[in-house]
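The data blocks that follow each hold one structure.
Two complexes, one shared chain (chain A), two partners (chain B, chain C).
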Partner chain A sequence: MELAIGIILGCCALGAGMAMIAGIGPGIGEGNAVAKACEAIGRQPESRGAVTTTMLMGCAVAETTGLYALVIAILLIFLAPGRLVNILVETMNTLG
Partner chain B sequence: MKKLDPTVKKETLYIALWTVILSAVMQSVFLIIGLWKPQVLFGNLVSAAAAVLNFLLMGVTVQNAVGKDEKDASQLMRFSQSMRMLMQLALCAVGVFFFDPVASILPLFFPRAAIIFRPMFDKRMGGEEKSE
Partner chain C sequence: MNENRYSAKFKAVDALLLILAAVPILFGIALYILLTPASSGIEIAGARIYFTINMPLQPLPITEAQVNSWLVIVSVLFLCLYLTHGMSPTRPTKRQHIVEWAIEQTQHLVMDNMGEFFKDFAPFVAAVMVLSALSSLLTLVGLYPPTSDLNVVGGWAILVFILITYYKFKCGPLHYLKSYTEPVAFLTPLNVISEFATPVSMAFRHYGNILSGSVISVLVAAALQSLSAMIFGRLPGALGDIPFLQIGIPAVLSVYFDIFSGLLQAFIFAMLTMLYISSGFPEEDYKEKLKRKALAK
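Coming up: the complex of A and B.
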């Protein structure tokens, strides 16, 4: 029983860690977007306002991908272990 | 301390307004389906604050990064994204652990919803907004 609970907890933590790999992508993407925006503003300083607005919206959209990963990680860390252990205990009780 | 750029201020206010509207809608839905409890409200408040704060910090970072060269700007943005993600994880974990999980997670996506609605409202208001 303890081994099964340990495996459940370990797999949940591993899954959360793997989900957060997706958090790397938005960081790189946003970095590239801002770098290109700097280049554009350097070329046309008068378009600073328009470029900043578009970039902010683009960054917010890009960040959503990281948020999906964050939500999955939160669910795996805080909610999944309790539910899965409950299911395991109920199954063990049913089987006797 | 550097003054907040008017563009960043305007966009943050827009996102904050939509977050408040969508939070009100979510609270109404919880009330209608009979699942409303104080934890739903507090979870929503914590998560909505995290979402708006995340957008504001992103705007401040963009504002600071625009003045730097390409490499520094890119590094600053990556560092900021990691820190903001950690902040959201901490605030959302508080919401999920102490309050309602659904009400604590959904508001994180409200800024994205606000961006989706934006073109519709821009068209209705008479085309694209003029750049500064």
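Coming up: the complex of A and C.
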């Protein structure tokens, strides 16, 4: 029983860590966006306001995939272990 | 209009409105202190359930997030009443200048992003922005921010989704259904999925940003506590129990996660609201439809 609970907790933590690999994508994407925005401001300093606003918007949209991963990681850490352990205990009880 | 701005009555109403704007927040803090059981450790938990109402289908829990968001709404109401109190066309007060500047900025933003047809959307966009910003800033007084609860932000996203669909329906249901088959008919499933992904991604973006900020803040605070216990734990007496490293360092994180991220997400939520509503609306076809109707008459 303890072994099974330990495996559940460990796998949940591992899964959360693996889910956050998705953080790489938004990082690269937002880095690209900011780099291009810096170039644009360097070329045309007078368009600073519009470029900054558009960049922030783009960053927010690019961040979405990373946030999906974050939500899954949070679910895996805070919600999944308790629920899975409950299921395990129930099945053990019904099996006797 | 003809009220004397320096009369005692005017000042009393002013003070009363300001106090009424602050009372909901203080009430929230009092409620938090009274209803939250004392705990020694730092913990990460969802919104606490204050009480449950028995409903026919299933009990309805009233959580911290709902209560706090209503408190913010009441507070914003009285703040608006305070800011618009004593407005006059001839002798504007200081706060009237501020309010006029803010309203002009919002109208400018809405006109830029949504175009002429949607220029009446400025109050809605401003309301969404202020509500979201103040909800996120509630962390500064130690309350649970309603925006870090998926249910609250999900409600806003559903509201925006209804608005998007309403404006898509402006040209009739057939036009609405036909818009799914564009540009090619076999892309219809993808279009349906992306239609429903809009509110989901809006809600998750706002909620994920605020929640991740508070989770990281709590983790850093806990780490600093154990680190200072390790370093300063050998000091004699009560000195060893004080977490010295927790002084100041979490505040730097709070500036980014609570203030910058909260305000940025409010702005982004409002921007996305505007962009989705205006881009979903078939403006050209609607104008043609209006023309045809006018001709038929």
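Just so we're on the same page, the second predicted complex is superposed on the first by the 96 of 96 C-alpha atoms of A that agree within 3 Å, B and C clash if a C-alpha of one lies under 4 Å from a C-alpha of the other, contacts with A are read in each partner's own complex, and residues count from 1 in each chain.
The rule is simple: a residue touches a chain if its C-beta (ideal position, glycine included) is under 8 Å from a C-beta of that chain, and two chains touch if they have at least 3 such contacts.
Just so you know, these numbers come straight off a predicted model, no measurement behind them.
> Evaluate whether chain B and chain C can sit on chain A together after superposition, giving fit or clash.
clash
> Which partner does A:Q44 reach: the first (chain B), the second (chain C), both, or neither?
Neither chain B nor chain C is touched by A:Q44.
> Touching A:G27, do we find chain B (first), chain C (second), both, or neither?
Once the two structures are laid over each other on A, A:G27 reaches chain B alone.
> Per the contact definition in the header, classify A:L56: touching chain B only (first), chain C only (second), both, or neither.
both
> If you stack the two complexes on chain A, which partner ends up touching A:T91: first (chain B), second (chain C), both, or neither?
After superposing on A, A:T91 lies clear of both chain B and chain C.
> When the two structures are overlaid on chain A, which partner does A:A35 contact: first (chain B), second (chain C), both, or neither?
first
> More residues of chain A in touch with chain C or with chain B?
Between chain B and chain C, B touches the greater number of residues in chain A.
> Which partner chains sit in contact with A:F78 here, chain B, chain C, both or neither? Use first/second/both/neither.
Touch status of A:F78: both partners.
> Determine, for the stretches 19-27, 199-207, 235-243 or 289-297 of chain C, which one clashes with chain B when the structures are superposed.
For chain C, the listed stretch overlapping chain B after superposition is 199-207.
> From the superposed pair, tell me which chain A residues show up as contacts to chain B and also as contacts to chain C.
53, 56-57, 60, 63-64, 67, 70-71, 74, 78
> Which stretch or stretches of chain C touch chain A in the complex?
44, 46, 201, 204-205, 207-209, 211-212, 215, 264-265, 267-268, 271-272, 275
> Residue numbers of chain B touching chain A in their complex, please.
5, 7-8, 11, 15, 54-55, 58-59, 62-63, 65-66, 68-71, 73-78, 81-82, 85, 88-89, 92-93, 96-97, 101, 105, 108-109, 111-112, 115, 118, 129, 131-132
> Which chain A residues qualify as touching chain C in the complex?
53, 56-57, 60, 63-64, 67-68, 70-71, 74, 78
> Residues of chain A touching chain B in their complex?
23, 26-28, 30-39, 41, 47-50, 52-53, 55-57, 59-61, 63-64, 66-67, 70-71, 73-75, 77-79
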